[in-house]
Structures are given as structure tokens and as C-alpha cells.
Amino acid sequence: MDRLALLRRMMLIRSFESALAKRRDHGFQLLSSGAEGVAVGLCDALRNEDQLLCSGRSIAPSLARGLDPGAVMAELLGRIAGPNRGKAGRGHMAQPAAGFFGAHAVVGGNLAIAAGVALALQQRRSTAISVCVFGDGACGSGALHETLNIAALWKLPLLLVCDNNQIAIATPREQALAAARLSDLAAPFGIAAVTVDGTDVISVRDSATGLIANIRAGQGPGFLECISERFFSHSTATRETRSAAEMEVVWSRCPILRLTGQLRAEGVLASGAMEELQHDTDRQVLHAIAFAEASPFPNSAEALSHVD
Amino acid sequence: MDRLALLRRMMLIRSFESALAKRRDHGFQLLSSGAEGVAVGLCDALRNEDQLLCSGRSIAPSLARGLDPGAVMAELLGRIAGPNRGKAGRGHMAQPAAGFFGAHAVVGGNLAIAAGVALALQQRRSTAISVCVFGDGACGSGALHETLNIAALWKLPLLLVCDNNQIAIATPREQALAAARLSDLAAPFGIAAVTVDGTDVISVRDSATGLIANIRAGQGPGFLECISERFFSHSTATRETRSAAEMEVVWSRCPILRLTGQLRAEGVLASGAMEELQHDTDRQVLHAIAFAEASPFPNSAEALSHVD
Amino acid sequence: MLTESVSATVKLFFREAIARAVSESMRRDDRIILLGQDAGRFGGAYKEFSGLYGEFGPDRVRDTPVAEAAMVGLGVGAAAAGLRPLVSITYMDFLMLGLDPLVNYAAKARFKTGGQITTPIVVKTTAGARGQGVAHSQCIEAWMMAVPGLKVVAPSTPADACGLLKSALTDSGPVLFVDHKRLFSTAGEVPLAESFVPIGEALVRRTGTHVTITAHSYMTRIALTAAEHLAEEGVSCEIIDLRSLAPMDVETIAQSAGRTGALLTLEEGQLTCGIGAEIAFRIRELVGPIRMARVGALRAPVSSNPVLEAACVPSADRVIGAIRRLLNN
Amino acid sequence: MLTESVSATVKLFFREAIARAVSESMRRDDRIILLGQDAGRFGGAYKEFSGLYGEFGPDRVRDTPVAEAAMVGLGVGAAAAGLRPLVSITYMDFLMLGLDPLVNYAAKARFKTGGQITTPIVVKTTAGARGQGVAHSQCIEAWMMAVPGLKVVAPSTPADACGLLKSALTDSGPVLFVDHKRLFSTAGEVPLAESFVPIGEALVRRTGTHVTITAHSYMTRIALTAAEHLAEEGVSCEIIDLRSLAPMDVETIAQSAGRTGALLTLEEGQLTCGIGAEIAFRIRELVGPIRMARVGALRAPVSSNPVLEAACVPSADRVIGAIRRLLNN
């Protein structure tokens, strides 16, 4: 994608989440605002046949992977037009046919699953890879260790991407993880590991591209740590615990403003272009909402369908 | 302990296991022969008030910690004079009052337990430490990662000792663990970590002593990897999978012969002394067996005692 | 005067009752520590630990990483070594990650060491459905009831939450304390004076003559709602709040069921090998062949979708229907 | 000639029957891979994978580290992505370490994705007591029966081991295959021709008229022994080998129990919320109030001590005693 397309994708996610956050008819949502650069940069480094897995914070990953915003909105609002027929919501949204193997709301739970997907790809001699996005919080779980070890031993085509927004619910990352950098956790296993600024979509894309080249070459897994931000509280139903001063710093690190600034400075973004982009993405989101609202809730009989 | 005492303790363990292995009335046993140097060196660095935990391979740790050989034999033979009243056998032998918090037969299962013991000691402002011996196999488990991380964060008084006999049942350590050295696994957490030759009881003792000094000084956990050997198959009921050539190398690394050789070379061990030591320890083992055999099996009513 | 002060109560939310139980217990016994994700300054996912960090500080109220296996393991080890940890596992689904230390170590420690080691740990966890989907809604109390050496309690009111948690924190353990997402914001009277609810005693929440209903935790409220509706039709329900699932107060159930001659068991979890099956078997042994039915979740995962969640877990309507069928048989 | 060849059998040990099932399945379907600790060259803890590594090589028969959570997780992920993994968890006690991926992901994947993802994984594990103590002896089949979306099978003979494992390896999954330490060295006739045993069908192992006994896995053999002794006293037992625990063939049990008018359920695991409680409830619904009793382990951990192990888990003598009491009531 060119940089304008990357910008547009990030703006779509932001606009999508703003509209969603205003609604009160969905229980609650986990927003990705502040971390759009991670998902969008990463997905730009992927091929169609690759599979992306993520945590319950699934909006940016699913939209960045190219899922239809209307379908994603429908899923989040519990409507049957969602890819999971509204049965999964944010926590378990998936569309494997579109390269989005899916979210999983158990922290750390998707790590070994993603390694299993990688194993299946390796076994079938595919050139595709499996990619798992997880939070800093997930790095405290034993699942990471077991997955890193086996992935390294078996040289699985697996890219582990830590979306390190530096907090897990209310626990600051330093208080939960003894490692200086989270990418250091991959080092003992001989896994190529990089830490980048996750608010820089281009760095994310380029670092991912570099790691993925090695993975596709059969050299085994890679680990990418992206330092990102969480612009809002953990979920739309959770209280914020960070101080106003802390939030100033957080908000100052906006991936969208960052790229906009660069493009402006380089003269790539004409003066009215931003407004036009904003208008476009807002309209896309309105369509998405309209699509979702036109779709009914599943019938209660669906409670017993697809069980066995 | 002086080196003669260390030698004697190692010989006691070897002699104990030889006698035990000849019996057929105990199901099976996990022998420590080849790794006596780890347990004996380590325990020499401990104080009475410290607590030792280990895996199901519990003979060397319990005897090195100073448990009565008769009581240990009774436990292994299922007799009521064992510290656990014969209810636990090899897998769960314990005598906390003697500083042996106990074995636990779930691989990796004692790691977090040991950290919990360390937490209790820290909370009570004790100067005692908690020590956990586990195998190379346990290093594949997520429990290690979670324990290292929390122990480092909370600066727990915990020494993790990997008795790396380079094999888990039949799986060579290189095939199960991607790390170059197992002590490397502690590095990302900022934990002091050392690898020593586990067949050198003096190195083990000295390295443990160094790490423990830091731990007692409140600097947080330490990690000691001891490269040891497993002289026999995984258990007395398991088939050996290593080749004769491999076993030649394994047997060449005997901690007892090594120390004997040193002491001989230095003239510390007089010519007839070895025979005398051997005679002593063999007699001690005979007494242990006699003690155990004099003790009855528990009554079947014990099956329901100590449950709640 | 005396009776008045004895029966004096204060109205608390369920979540406040938990915080109060922990606070009173921690004041009394300095071996009690609290470990949990965001249990400290944040005060717990449902504010059920609110104020504890301020009162007892970071040494006794510890935030942990997201590492359920180690959280339970550390708690168990610390208990074995003399502390009395309260470990909070946010959702019961994630208790699965900590079953090894709880089941394979804690529940067996006393037995396997011939009484040398006890593990006075309380693991608190939150069960039940409230819009959070397949991996945040499960009720696996029945599994835990089947673990010898483990006690399981599951209160339905603030008073019982407070009293049972306090008992659990003095028990020789291990104890699993199960609460419910839909209970934290319910209110109720709690004795002003420090008071304990013994583990192992059920409570008749409503007396009745036609049918005995057993329930625990949030389902007790569903049962009460159903009973009110049925009362209008002239059906009189006796409701037994189990409170303690292991050990279970089978005698109280048997007495009631023997009187009413009909038993309906209600649980939010799966019916298969569930609490209802167990109660039914034991009541049949004690009381003989009376009419029995059980109500529980459909055999399906619990979706976060409001329509599907409501269809899956028991409602007052389903209980009413089941009782009508039971009594018309 | 035709009937002869159809009924031709070969005598195999239980462990050989497993190896044969895996081998035949792997030849037929190259999506099948085997993951397990020492499952490769070593051939499995009970030699039940003997020969597979030689035949299929290290890519399809993989030794894993001691990391049960990741083993199951990898298998589940690989299944979701198109393979058919067979994951061996040496002892059922350690399945606890892998419950999160099995229960929270695999069993719910089809449901939560609206059918987009299926997880055709088979997890094989070994239950039961044989001198290995508190953390190597547990039977938690009842827990697993209560997981919607998960199938559970537990054969008692080499033929069923072979046929059920082969069915499991063609099933849409997930399937838990439970065997037993005391079965591997038992022998039995296995059809020479490739044959499948359908999941969900119980088998009457012995016909009788006085009492119906249900059992699975090794306990089926205990039941048969008890029945032989009781036959000498003139008591005629019908023994139903459940084979499949979820789904369970309740109809076959009901037909038998309806005829005999007495039901004894036998399981090696805990009785509380166990298989017997479930069967009793469902048979009561279908057949009405017949005489019922259940036999299972004592409510205690299983010691490695031979005296205490024997006291804890059900023996033929205990079954005989329970049946005498049941029939004299």
C-alpha cells in the first residue's frame, strides 16, 4: 500500500471506533485507538494467504486485514450479518477465508493456536505464514514461553507481534514484566526479535517485512514488539486509571497525526486532502452501521446450532 | 562440610540407590545416580531454615538434605515409618520440618509452589530462602516463565536449580529446548544465572553459595544450571534409549570418581579410606532397609485419612 | 437492647461485602495476603477489592501479571509455607489455567504428606454469563466439587458473601469461593457485627410446601423470582440456597424434599454430570423416589450475544415451566 | 468364505491396537500427525505408538517438550487450519494443563465462528491408577463429558480401542480418547479388516437379567470379573460397556435397565457429579424409579501405596458387595 492508503486505513479504524464508542447497545468494546499503526503496518506486510490471529482487541486487526467494515460492525453489534453470525462479538471474531483466523479473548490463548496454524502451513509446504498479535499483558503467561520454544525448535512460519501498549487493564507494563524489552523474551530461543515504535506505521511495516522474509525463507519464527498506546480506558465499560498528565503523553503519540505530519511535511498530502479523507472514512463507517443495523439479531434457536 | 563429608554423602546416595534398584517390591523408582553432585553440592550451601523442593526424582535431594535414610527408604517402600506415612512414595516425599519441603511429581509443578514458599519467607521477613531443583525437561513448561517473571518482579528469595541431566525420559535436551544454555532462560528477567558442571560437587556448592548470598541480600532470585548425568534409564521400569557409546561418555562423568580422584591426587584420601567409606555407607543402607522393612504398610483405613 | 444490637445490619452491595470480609480478615490475621490481576489500586474487576490496597499496602495486596497458573501456584506454595493467601482469578474460565496447582497440589497436599502440609488458600473466582461470551461465562463448580480435599462455596447474598469468605479465610483449606458477575451490584443487609457463615450449611431462603428448589449463587435469585410468580398460581416453592457446594448440606435438602415430595435442581452450568445430578442421586438415596427435574444451561457454549446468552442460561420462565411440568406429572 | 473373511480377527495387545489404528489412519489421511512426549522413536510411554516413527518419520510423528498447554494448543490450531492432529497427553492429570485450548478454544470454535472453523483434533490420554500416586491416577472423564462440543470415548478392549480411535481420527472433532494404564497389556481379538467403531454406541458385553451394570475402560473388566463371581451365586448381571461417554448411548442403558429393573453404575473416578449420577438421572427419566446404586473411588486422592490405592479405587469385591446390597433392597 502507498502511504496514503495506510493513512486512510488507520483513519477508517479510528472513525469506526469513534462511532461505535458512542453507541450503548453493545455491552462494551475494546478499542484499538492509538494502536492503529501496529495493525495497519503489520497487515501491509502480509500476503492474502497468510493468517492473522489476535487478542480480544480485534477491531484494528480485523479492519486492517481488510474485513468489510459493515460485517465487522454487524458482528460487534451481535447481528447475523457478522462473519460469525453475531455469535462471537469482539472477543472471537474470525473470517479465515479472508486471512483473519480470528480473535480469542483468553489472554495468551491464541499464541499456541497460532503456532498450530503455522504448523499446519509448514506441514502442507505452504509459503504462507501465521501471525499472532497479542498484548504486553500476554507476555506474562507461560503460553508465550512454550510457544516460543516449540516454534523455534520446529522453525515454524510464525510471526509473533506484541502490541505493547504498555498497560494491561490498569497494570503498567513495568509492574507486570521484569524484562527490559519484551522482545528480549525471544532472545534465549534464538528467535529474531525487533522492537519498533508502534505509532510509526512505516517502521512497523518495514520491520515486519524484514522478519517475514526470514520466516518465509524457512529460518523459523520472528518476534516483533511494537510500542503503541491505548488512547482510551481498557474497554468502553472500564474506568481509566491513568492521570491526565499521563494521558497527555499517550495522546501525543498518535499514529495518524504522525503519518499525517510526515506526509504534510513532504508535501504529499494536499491541504484539503485530510478533510476529504475524513469525510470518506466517516461515510464508510455510516454505511457500515447502516448495514449492521439492517441485519437482525440471530434467532434464539442459533443458541444450539454449530455446537457439535 | 569438608570434602570428605561431601564424598561420603554422595556415596551414601549411590549405595542407597544400588540397594533399592535391586528390589522388585516398590513399583519403580527414579534414581539420581550421576547427579549426586548437584544435590549434595547444593545442600551444602543451604542453612537449616531454608526449604528445598524438587521433582519426582527425589532420592538425592532428600538424602542430601539430611533426611534419615531409613525414613526415606520406608517412604519409598510404602511403609508407615516414611515421613509421609508411606502415602507419597518417591513422587511426593516431604519433610518440611527438616527443610525438605518436598518432591512433586508434576514436571514443572513445583516451580510456582517454590516461589510461593519464597513469598511466604519474604513476607515474614525471614532470612531463609526457597530452593527448587527441577530437570531440563521442566524448562519447556510455561511454569518456568511465569515463575521467573514474578520472582524477578517481586525479588523473591528463590534459587532455581536446573539439574540438567540432558535428557527427559528419552528426549535429548537439544531436541526439547531451543536455548543454547538453559541458564539463558533467566537472562531476560534480569536474574543472576550461572551454568556449572554438575558432576563437580565443589563447583556446584560454590556457585550456589555465591548466588544465595545475593538472594539473602534481597537482590532477588537466582538461577543455577548444573550439567549432570543420568546413569540409568529414566526409571527402574523404563527402557534405556541411549546407545552403549553414549552411555560410556555418561558413565565417564561420575561425580564420585571425580572427587575421589581429586582427593587422591591431593593425598587427602588415604589408600584404604575409600573401602572404609564404602563399607560405612553400605552398612548405613543396610540399616535403612532393615528400618524400613520393620515398618508395616499403612492400614487401608489410611486411604481416607488426612483428606480434608 | 442486646437483641437489637445483635440483629443490627447495614445495607451493602455484594462487592462491598467481599471487600469488607477481606478487610476484616486481613486486620485480624496478618498472614492473609491478596493476589490478583488489578486487585490493588484498581480494586478488582468489579471493585470488590476497593479500599484494600489503601489499607494494607502493596506488600499484602499484590497486583500480578496475567499468569493464572503461577498465581494459583504461588498462592498454594505460600499457603503451604504458612501464609493465608486469597488469590483472585478474575473469571472461572481461567481457573482452568490454574487447576494443576489447585487440584494436583493443594487439594492433595495434606493427604500426600500425611498431614505435614496444609494449604489454607482461598481461590476466589467469578462465574456466570453477562455478555462476555464463550470463554468468560462458564460455571465449572461441578468439576471442583468432585475434587477430594477441596471445599467449594458460592454465596448468593452480600451477607453470605461476607460470612462465607471470612470462614474460608480461617479454614484449613483449600477453599474455592465462587461469585457471579450479576451479583456484585446487588444489595442486601449484612450484620454490623463481625460474623461468620459456616461452610457446609445450606439455608432455606423461602419456605414452601409443593416443591423444593435447590440453587446457588445468582441462580438463587432466579429461583426466588420464579417462586414469586408461581405463588400467584398457588404453587408454593421452598427454596434452598446451597451456599456450600462441597461439603454439601444434603440433610437440609432431604428434609425439605421429603416434605414437599418434589425436587427441582437449578444451576447455571451444564447439566451433564452436574450439581443437579449429584443432588438427585443423594436425595433419592435418602428420601426415596420422589418427583425430580433439573434445569441448567443448554448443551452449548454461552455466546456474548444477548439473544443467545438469554436462550442458553436458565431464566425464571424456564424454571416456572419446569416446575409446572414437574408438578403436573 | 465371505463371512469367514469378514469375521477374521487377530489377537493384539491394547497398545498394539492403538498403534495399528494410528498407522492405518495415517496411511489413509496425510493430514494426520502425532504429537506427544516421547511419542517418536521411543514409541510412547506404553509402547502404544511403537513403529509409527519408523513408518511416518519425524515430520508426522513429533516428540514435544514437556509443555502440555502448548501441545494441546498447537494441535488445536493445526486442526483449525486443516490438519488432523493426534495429541498424546501422557496422563489425564496433566490434561488439566491443556484444558484452556481444549475447552475454551477447540470445543467452542465451531459454535463461536458460526461454523467457519472446525477442530478435528483427537487428544489421547491415559487415566487410572497403577502405582503412580496422587497426580498420576486421576479420572476426570466426567468433567469432559460436561463440555458442549467435545466428544469423549473410552474403550475397554483392543478392538474398540482400534475402532474408536479410527473413528475419532475421521471425526469433525474435538474428540478426547481416554485409555487406561491397566489396559495396555491386555489382549483381545481385533478384526483383520480395517474397521471402525462408531462414536456414540454402547455395547452389551454380557447379557443378564437381574441387574444392569454400566462401566467404561478398565472398569468394564472389573465389572466382568464381578459378574462371573455373582453368576456362581445365581445373580445374572448385564454389563454395558459405555465406550462413548459423550455422546452417551442412553437408549441402550435404558433398554437394559428397564428389563432388569436394577442399575449399578461403576466408574474409577470420583462419584460426586460423576458419570453414575448422570446415568442415574437420565435412566430415571426414561425408565422410572428402579433400584440404583453407584460405585466409584473413595472421596480421597489415590496414593501410590499399593494398599491405599487398592482401598481407594473400585474392585470386583466392592462391586459384588454393592450388587448384593442393591438386589436385597
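Per-chain residue numbering starts at 1, and chain names A, B, C and D are given in the order in which the chains are listed.
Basically, a contact is a pair of C-beta atoms (placed from the backbone, for glycine too) under 8 Å apart; a residue touches a chain by one contact, two chains touch by 3 or more.
Here the structure is a predicted model, which is why all the values come from computation and not from measurement.
When the C-beta contacts at B-C and at A-C are tallied, the pair with the greater total is B-C.
One finds 41 Å separating the Cα centroids of subunit B and subunit C.
Distance from the subunit B centre to the subunit D centre is 36 Å, each centre being the mean of its Cα atoms. One inter-chain figure worth recording: subunit C and subunit D are separated by 32 Å, centre to centre, where each centre is the mean of the chain's CA atoms. Shown for subunit C are the residues in touch with two or more other chains, namely 64-65, 67, 69-70, 93-94, 100, 104-105, 108, 111-112, 133-135, 148-149, 298-301, 303.
Residue positions of subunit B touching 2 or more other chains, listed in rising order: 87-88, 92, 104, 106, 109, 140-143, 146, 149-150, 153, 175-177, 307. Taken as a contact graph, the chains are fully connected, with every chain touching every other chain.
Listing the residues of subunit C that touch subunit A in their complex gives 37-38, 41-42, 45, 63-70, 93-94, 131-136, 298-301, 303-308, 310-312. On the side of subunit C, the complex with subunit D involves touching residues 69, 93-94, 96-97, 99-100, 103-105, 107-108, 111-112, 133-135, 138, 140, 142-143, 145-149, 246, 269-270, 272-278, 280-281, 284, 289, 292, 294, 298-301, 303. Of all the residues in subunit D, the ones that touch subunit A in their complex are 33, 59-60, 62, 64-65, 67, 69-70, 72-83, 85, 100-101, 104-105, 108, 110-117, 148-149, 151, 172. Touching subunit D in their complex are the following residues of subunit B: 27-28, 78, 86-92, 104-109, 137-138, 140-142, 168-171, 175-177, 241, 297-304, 307.
Within the complex formed with subunit A, the subunit B residues making contact are 140-146, 148-150, 152-153, 175-180, 184-185, 187-191.
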